[in-house]
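Two complexes are shown next, each including subunit A; its partner changes from subunit B in the first to subunit C in the second.
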Partner chain A sequence: MASRARLFKEYKEVQRDRGQDSDIQLLCDETNIYRWTALIKGPTDTPYQEGVFQLAINVPEQYPLVPPQVRFVTKIFHPNVHFKTGEICLDILKTAWSPAWTLQSVCRAVIALLAHPEADSPLNCDCGNLLRSGDHRGYKSMALMYTRLAAATNV
Partner chain B sequence: MASEEGSRSDSQGADTSDVSSNRHDEDLVVQFAAAAQPEMMRAAEKDEHYVGQVCEACYDAFRHTFGTRLAVAYQNEMKLAGRVLYYLLTTGAGLQTLGEEYCDIVQVAGVPGLPATPARRTLLVFYQTVLPYLAERLSARAASRGMYLGSEDGEDETSTSSQTSRVEETFGREETSSGSSGSVDPGNNMEIRQRRRAPLTWRLRQAWMAALRRWPQILPSVREGLVLLVRTHLMLFYFEGLYYHMGKRAAGIRYIFTGRPSQQRPRYQMLGMFLLIQLTFVCGHWLTRTVFPSIASSMRLRETNPSLSAVGSQGIAVIDEDGGKVEEKGPSRPSNMWAESEATASSKCPLCLSPRQHPTATPCGHVFCWNCVAEWCNEKPECPLCRAPVSHPELVCVYHADF
Partner chain C sequence: MAQRSRVLCKYFMHGACYKGDSCEFSHSWDDPASNVCVYYQRGYCSYGAKCRYEHVKVPNPKVASAMARVLKASTSASSSSAGSTTVPANGSSPGKKSAEGGVSPPSKGSASVPKVSPAVSSPLLVRSPGSSKKVVASAGLNSLTSSGQGEGSGEFSSTSSSPSSRWQEFSESAEDELYSIEQELEVARLLEEDDPADEPICTLGITGQCTRGAACTHLHGDLCPTCGKNCLHPLRAEEREEHLRVCAQNRKRLEAMLISQDIECVVCLERVLSKPNLAERKFGILSGCDHPFCISCVRSWRNGSHPPGMDLKTIIRGCPVCRVVSHYVIPSLTWFSSPEEKAEIINGYKKKLSSLDCRYFDQGNGTCPFGTSCFYKHAYKDGRLEEVKLRHLGAADGSAVIAKNIRLSDFIGKLDFDPRRSG
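And now, the complex of A and B:
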């Protein structure tokens, strides 16, 4: 029940700060406060910058003692995101979780991950190999292509 | 009545008998003092207590005879039966209720101070017992029926309503010029013809259906209105001290006090004042919420007059800001809120995002609720904010610091 109270607080905060942070749009499921959807803008100066990516957030009952489960719904070409399932490899969503994180700050962390791909712990091996072999141009064009295909804002 | 008073005052102290004998000299019609508010309220409370007991007894008897399931199903009826039984056996039989007897008050009808007639008493019992039950039952039934109707014609409700409104429109036009409207729409024409055949019943039926359909929506406001009515009635009671129950007001039954007169008879005008203030506020709020916006919008419609429209638009903006509740504080509110959030941010726990309960500090100096940080330390012994290692014995509850 502590999770519900805290999620209500976060919901209120999100409602209050709506419009302040245009990069993150957090939406709560109408009927279930444990299910959220986030729309994040790709960070500038990255191949993702023209895209809007949808995240599905599943909050467990023990939240905030355990991290929320976040995955990409929108296809994305990124070394730390599984290309098929959308699973995200991010330490704060796994072992380095702290209850001081909120859904909002988790989204911010995901945006930061988009700007700083970590090729050494890839979930998308093709993407990771491109980066590790130094083919930044290949990585960028692939990521840009998928951003335009799947996450373009003007579609 | 007079003999009763005489015997009573004989049994009382000497001074009171003196008073009553003086009165006897003046005129033989003896007037009892009207009962004061405390006595009436005490009597009513006592009665409620006994009614509760009777209801419980009825329920138990019913349960033993017919089983628990039926008893639960007919719970409300059992309550009604208990009430009816209690009031029929006391008021109905022309006796004092237990509460009235306890407080030495007697029911009389109207100003002359005569005992209430059986018809009046029956009416009172009806008002006090059956009427609320019936009203509740009928409104519940109407609400369920209205909801059923609403779901039945869920999607085409708008169409039917628009249709009826169209029909009414054409009907209105028809009265002015009967020929032209008939040729507007053949479907409408049929309906109008039907209406001509039985206009009154059709109209009544239509109104009834519309009322049924709207009942679930207006039920909350009706309830609210009833609460206000009850409160107004209570306020009147505090001021004039005549009728504690609405049923008694409707039946015109008052109380007289037959006990030993005491010097201190507190009046409740003060409470009445408070209630009056509260009701005034509620009414004012209601007015600002419902009446003023409509006035403002109607003013805005009249855009021809610049000064009027300016007032109207101002009203609209003010009310739109926050549901019409905070009007005059409009511009100063955001800054207030900021200050508030700034002030509370320091005393908020970053884990539950609520004000801290039993503030607890870690060795690294971060402060949380005791429950929040202790639970997290079970999970992982580090500070949630700076990841410095923390163990349970190191947590310090800081009760004696004001921050």
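And now, the complex of A and C:
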């Protein structure tokens, strides 16, 4: 019940701030307040900058005491995102979650993750290996290719 | 007005006095409870002899003091001549007790008189000293006139239940034994020429609505700088002080409430004091930082079940906003605006808890997992407090740690024992 009240608060906040933060668009499922969709813009100066990525957010009943489940719907080539399932490896979505985070701030954290890939805890091993072996050019071109293939069409 | 009396507060006896410090009755178990029937004081207790309260006539302290003065004067003047006049030294007059048949047997009455001496029982009648003055004075005159009639006509109806007739009875018995009319007159005169401090202040003047201004027959109070009302009695220093103190206290609390009203909990994003559930309208103050939470949110975050892998010490014990680790949460009805206020809230809470017995320690029968850090009282059944000697262990790096109870199993558990390797 507390989660519902809090999600309604967040929904109101999102409606009020609509258009202010053009990088993040949060949309709530019409019928279920526990299911959200987020559209985030790739950060500039990264291979993802031209893409818009769709995130599926599944909010558990115990939210905000437990983190929401977030995954990429749009295919993305990133060391910390599972290539097939879209699962995200991000500490604040798992062990370092804080109830003070909101869905908005989670999206912001995902954008920050896109800008700062962490190759040492990869979910996408191929991408992680590219980065760890120092092949930044290879990583960038792969990421750019998938951004153009999958994310650019989403606009 | 909250001058502590020496009569035990009957609400306090039941553990439910809302007035707390400002109660005018005593909150100390050493003081006796008043068991005097208040209806009997007014002259009509419908229970009569069956009343569970004592039917003792308690003299109004003002009448008593005036009487004492008069009697003293009269005895010093006629100590040699008036052999029949007995003078009560303490001002309480056994002769003023009702002589009504059977209502108060003399043995019971005389036994209870020392217990309800005027000083002890005074708050019963002195709760509004200013307003009661007129009543007292008129009552005194009433008894005076009735006793005057009594001498002439000599008829008294003890069956009549009107208060004035009761007064006649009282005054009859009193007059028989102790008082002459001259003395009564003197008492009335002393009551007339009153201490100006007993004069009540103008009630209209308190709110500034008195149109008569300086021509007003009542006293006008001085302005209280805190509440802005003209409610300080110019002649009662104690009452003024009390009012200023209470007023400042109330103002402070009101301001704190006003500030707290707009504070939102960072977890549920609601205003803490506007939460739908009344029990949840409480702040949880973290010892380490100043971020506001409601007590239910911060408690469920710190005590709730968490997915595995979450670090208890840094994540869960830390502030959800700034991650500063706090070891305890303090519940509070108001939010603070300065570090001093925070310290005040925390100390007040700790002080309150330290008077309660720890349920883990269980008067020595159990062990408290919080040890010396426990906020609750660790006392044995005989009231003796627990004494703990902390054992400091020097670690290899030179730092000292406080040792808890050590068991052998702790060491065995720490050994990196792998049966496969040895076998």
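Throughout what follows, the second predicted complex is superposed on the first by the 152 of 155 C-alpha atoms of A that agree within 3 Å, B and C clash if a C-alpha of one lies under 4 Å from a C-alpha of the other, contacts with A are read in each partner's own complex, and residues count from 1 in each chain.
Rule of thumb we're sticking to: a residue touches a chain if its C-beta (ideal position, glycine included) is under 8 Å from a C-beta of that chain, and two chains touch if they have at least 3 such contacts.
Being a predicted model, the structure only gives us computed values, none of them experimental.
*Asks:* Quick one: classify A:65 as touching subunit B (first), subunit C (second), both or neither.
*Replies:* In the superposed model, A:65 contacts both subunit B and subunit C.
*Asks:* Is A:149 in contact with subunit B, with subunit C, with both, or with neither (first, second, both, neither)?
*Replies:* Neither subunit B nor subunit C is touched by A:149.
*Asks:* Subunit B or subunit C: which reaches more residues on subunit A?
*Replies:* Ranking subunit B and subunit C by residues of subunit A touched puts C first.
*Asks:* Considering only the touch criterion stated at the top, classify A:5 as touching first (subunit B), second (subunit C), both, or neither.
*Replies:* both
*Asks:* Counting only touches as set out at the top, which of subunit B and subunit C does A:94 meet: first, second, both, neither?
*Replies:* Touch status of A:94: second partner only.
*Asks:* Taking the contacts subunit A makes with subunit B in one complex and with subunit C in the other, which residues are shared?
*Replies:* 2, 5-6, 9-10, 13, 64-66, 98-100, 102
*Asks:* Could you please specify the touching residues of subunit B with respect to subunit A in the complex?
*Replies:* Result: residues 350-354, 371-372, 375-376, 379, 382, 384-385, 387 of subunit B touch subunit A.
*Asks:* Can you tell me which positions in subunit A touch subunit B when the two form their complex?
*Replies:* 2, 5-6, 9-10, 13, 64-66, 98-100, 102
*Asks:* In the complex formed with subunit A, which residues of subunit C make contact?
*Replies:* 266-270, 291, 297, 300-301, 304, 306-307, 309-311, 315, 320-321, 323
*Asks:* Which residues, counting only subunit A, touch subunit C once they are in their complex?
*Replies:* Contacts found on subunit A: 2, 5-6, 9-10, 13, 62, 64-67, 94-102.
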